[in-house]
Amino acid sequence: MIRESIAIIERVRRIGAGWQQVSIAVEETALANIQPGQSLLVRTHNSWEPYLRSIWVPIDADPAQNLIEIERPDSETYLPDVDIHLLGPVGIPFSLQKSTKNLLLIAQDFPPTRLRFLLNVALRSQRAVTVVLTGEAKKYPVAAFPTETEIIYSDDTQTWPSQKETLLWADQVFVVAPIPFYELYFSQLQQVALEIRHALPENYLNAVYDLPMPCGTGACMACMVSSRQYTCLDGPAFDLAKMRF
Amino acid sequence: MIRESIAIIERVRRIGAGWQQVSIAVEETALANIQPGQSLLVRTHNSWEPYLRSIWVPIDADPAQNLIEIERPDSETYLPDVDIHLLGPVGIPFSLQKSTKNLLLIAQDFPPTRLRFLLNVALRSQRAVTVVLTGEAKKYPVAAFPTETEIIYSDDTQTWPSQKETLLWADQVFVVAPIPFYELYFSQLQQVALEIRHALPENYLNAVYDLPMPCGTGACMACMVSSRQYTCLDGPAFDLAKMRF
Amino acid sequence: MIEITNNGKYALTLRNPVMIASGMMGFDPHLYRNLIKLEKLGAVITAGITYKPRKPANGPRVVPVTGGMLLHTGLPNSGINRVLAQYQNIWARSPIPVIPHIVANQPNDVARIAERLEGLPNVVAIELGLHDQAQAEDIQALIHAARQGSQLPLLVKLPLFNAIHLAEVAAEFGADALVIAGPPRGTERDPISGKLVGGRLYGTYLKAQTLRVVGFLAGYLQTPIIACGGIHSSTDARDYLEAGARAVQIDTLVWVNPAEVEVIARHIGGEELTRAIGALPDEWHPGLGKTQLMQRKKPASSQSTVPPPNLPELPLDRDDPTMPSPSQD
Amino acid sequence: MIEITNNGKYALTLRNPVMIASGMMGFDPHLYRNLIKLEKLGAVITAGITYKPRKPANGPRVVPVTGGMLLHTGLPNSGINRVLAQYQNIWARSPIPVIPHIVANQPNDVARIAERLEGLPNVVAIELGLHDQAQAEDIQALIHAARQGSQLPLLVKLPLFNAIHLAEVAAEFGADALVIAGPPRGTERDPISGKLVGGRLYGTYLKAQTLRVVGFLAGYLQTPIIACGGIHSSTDARDYLEAGARAVQIDTLVWVNPAEVEVIARHIGGEELTRAIGALPDEWHPGLGKTQLMQRKKPASSQSTVPPPNLPELPLDRDDPTMPSPSQD
């Protein structure tokens, strides 16, 4: 249930390659129970510019401490002890199936930030996780990943070595892609997956949309991915078994 | 001659009571030769909001080091090593007469920032300086003043103990006052001065205007103090001998 | 209770002169129930309703602009029949009155929609949204159609850019109140696709433009004016009332800063009296969280904003700057 | 050389399609000589000239608004005779052509001013600034008056809010180019005096509103359009050209960020070709100081903005969002 609240920046840490991690302390344990897939709409200063909130994507959370870990570009300046205004959680959690033993996370030409929380949760519940990084995603500082993570780099932005094998190995796949090209990337992946499996199982191939979300409540309709589906209410992950491009 | 240039913040120091001092390193020695009375129009970040530059008032300058010392409210955040964009110098220097031995600086219900550079210059050239602080000005952290400064506090916002004596003692007077009331304060002081002297000598009683200055070049006409005089071109000090209210 | 329209056959009174404008609440006033206490407000206007269903604009787009945004949605809705089937009961249970917004295109459609709205529980008025190209003749036909279909008080929302041209006409043809104004259109480059996008402009700068028009119209119109555009603070809302508006509508602020909407309703509704300038800081903030409350208790390092006790009176202005005789400066 | 007007009796060509709009340079193009290299631009428009002298508005006022400001000056000038006595020689020596701006109030005055401007060295055209309430009849009389007085090419500047209503009329009556548009009026509360202040609105948000009108008019008018309003970057200027404008005017940017004016003139004048989206960062900045140049030489910690080499083509849009069929979303 989306709420408004105030959090305090507790710690700021640069992790390199243009990224920093910001720990925020939230008021409500309910909010600290935020799940992989959900995000926050944030206003960091008391001004009308920028008018639209930024989307903050948690990469981990600690409900015991009421802490949420956020990843932001290090070009932005954050100082400990500063208030920030949150609206959230926005979106529904990724559906990581109980039966999933092998999880494939694909950051296709786009930073893997939106997959990191899921990566942590999956490893903590003893799944095997492989992360694919292509194009822009290869710049990401992988030292920040838990050591158990298997990482595949590719020279290409659209495919990667042993693409079909990894897709066969995985019980579930989550993929992110850059905004102007996401439909292209998602449909290509859908094609490849359909070539190696007769039909796509439900919840198998999940496209994670990273669209602008001005309101987060289904009011402004700026985040629609189809004529009935909203990133903010029904996403950010959509099952590629059901999408048409 | 007004120019555009870039400076770097060298040091930030809190002096208490809501104020901080920011040292900036400028590119041009010409700019570091800025004089008491002149100010800078500053844009601190690469954004169109706020649209108008802030007015930065130097409280000291060191041309040998290309450094200028600025005083700002400590509610603003400045970090060393950050670029700032300057337009300036704006305005003409205060005319501190060679013959002036006794200088009276009056901060009437308004922070004395605009007088501090003059205070330093006058003390360095061996004049006696008395500073009057009334109303709001009494909150100013006077520990920041050089120790030779004589300070008079008042309980009132409009007058101060031995007002006439100090005005008689002084060879030159500079006064600042808060925006909505400056005409009132300036005209009252003009009255008092006229009571104790037959006519006001030229350059004796100087009103220092602190009006918004959007352009700094006489183009926008937002800073006019009379139908022909601009704060940015002809000020910020105007001789109260010639002003009519 | 506040009289939003003049007394007469079609009179509308509300508990509070602050309403939610057409748009942000969609058709469900409960959409923001965790963000805003609706019962603090006067009424909520629904999103635009058409006779037939309308799909959202293909690839709906938002383009940020300084202090605002350009938004293009397409006025999607499932048509009057399905809207009523889905929301009529929700409206009935809403803690504040509901005012459906009719997209005023075809007089026929308007009459048919108005008819369906007549007599619904908790529906206290109709808002008619005029399109940008509407001319005097169109307005007459559209208002006439709405009147034919229903006995509800009729608010007519005019587009900003021709509000001054059309206000008198709309008042003459029977609008019970004028909503000034629908936001202006603009074109901006979408940073994502690199393309030029057309849409309406929302944001803080709407206020100055709209306030001008509201003040201008309030100077000579008898019909009450409900001001709408760029309200982001109690001061903004007060400025409109001071310029002659009877009530205000707020839209984008609902999601840009929801807590502020309640603050405005409280101030403007008369529960709190503060001056626009030199007021003491208001300690009552519905969005004030525990962490911030804790911080409030720390000794403040910043200076007090309380004015010094012996502050002289503001000097009187020798000529009123809001009334410049020359018209082009 | 760029043809600013259509070929014919009153043709205007300039070296660069970027001009300084009426206002910021006052009457002296040298006012900003340390901030902008004028010779990079196409022309400079003077501040408004009236027949008789005009004083500045009493207590000129500026009210900051998000991303802009409201400004009220009063169109002060010392009248055509004294303006010419004082500035005629300065105009003659200006490195770029000068276009005097006539405040179009009385046809008589306009004719007399235009006469005085005829044949002055380096004066290449006249700009006629229409007032907000000008109607079709007024425009005819004013344009006629200007034509009577002089053979110079005639630019007519229309106020934003009725530009669409009046553009065709102005073109028909003989404007050689239309300047779209004079900024809209607004009312805001002055934070200093606490009073409501009326004035014109300037700032970044002007662009989206003006671009819409420019695109709309360029779609059917034969008369060339010079776009003016909210240009703060080369992208803004390019957007206007792409929407159909022949040239652009820039005003407040001159003091908000003077260095950028030169950058825009350089890009739009064709000295530099960069794409609006995905362009390589432009290293040529006239305002780039020594300190920043030093910093540039440090290894950059931020990510490169160069697009990855094997970037696929942008997918084509299935329907063009700038052309929404419904008119009210």
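By letter and in written order, the chains are A, B, C and D; residue numbering begins at 1 in each of them.
Basically, contacts are C-beta pairs under 8 Å (C-beta built on N, C-alpha and C of every residue); 3 or more make two chains touch, one makes a residue touch a chain.
Computed from a predicted structure; not experimentally measured.
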item	value
Chain hops separating subunit B from subunit A, counting only touching neighbours	1
Chain whose mean Cα position lies farthest from subunit B	A
Mean-CA-position distance for subunit D and subunit B (Å)	36
Centre-to-centre distance between subunit D and subunit A (centres being mean Cα positions), rounded to whole Å	44
Intercentroid distance (Cα basis), subunit D paired with subunit C, Å	33
Numbers and ranges of subunit C residues touching at least 2 other chains	61, 65-68, 73-74, 193-194, 203-204, 314
Residues of subunit B touching at least two other chains	47-49, 180
Chain contact topology (line, ring, star, complete or other)	complete
Touching residues (chain side subunit C, partner subunit D) in the complex	48, 54, 57-59, 61, 65-68, 70, 72-75, 103, 105, 129, 131-133, 161, 182, 184-189, 191, 193-201, 203-205, 207-209, 211-212, 215, 235, 239, 242-243, 276-278, 314, 317-319, 321-324, 326-329
Partner subunit D, residues of subunit B touching it in the complex	1-8, 25, 27, 43, 48-53, 83, 85, 87, 179-180, 212, 214-224, 227
Residues on subunit B engaged by subunit A in the complex (per definition of touch)	47-49, 77, 79
Subunit B residues within the subunit C interface of the complex	17-18, 47-49, 74-75, 109, 135-136, 139, 156-158, 180-181, 183-184
Complex contacts: residues of subunit D adjacent to subunit A	66-67, 301-303, 308, 310-312, 314-315
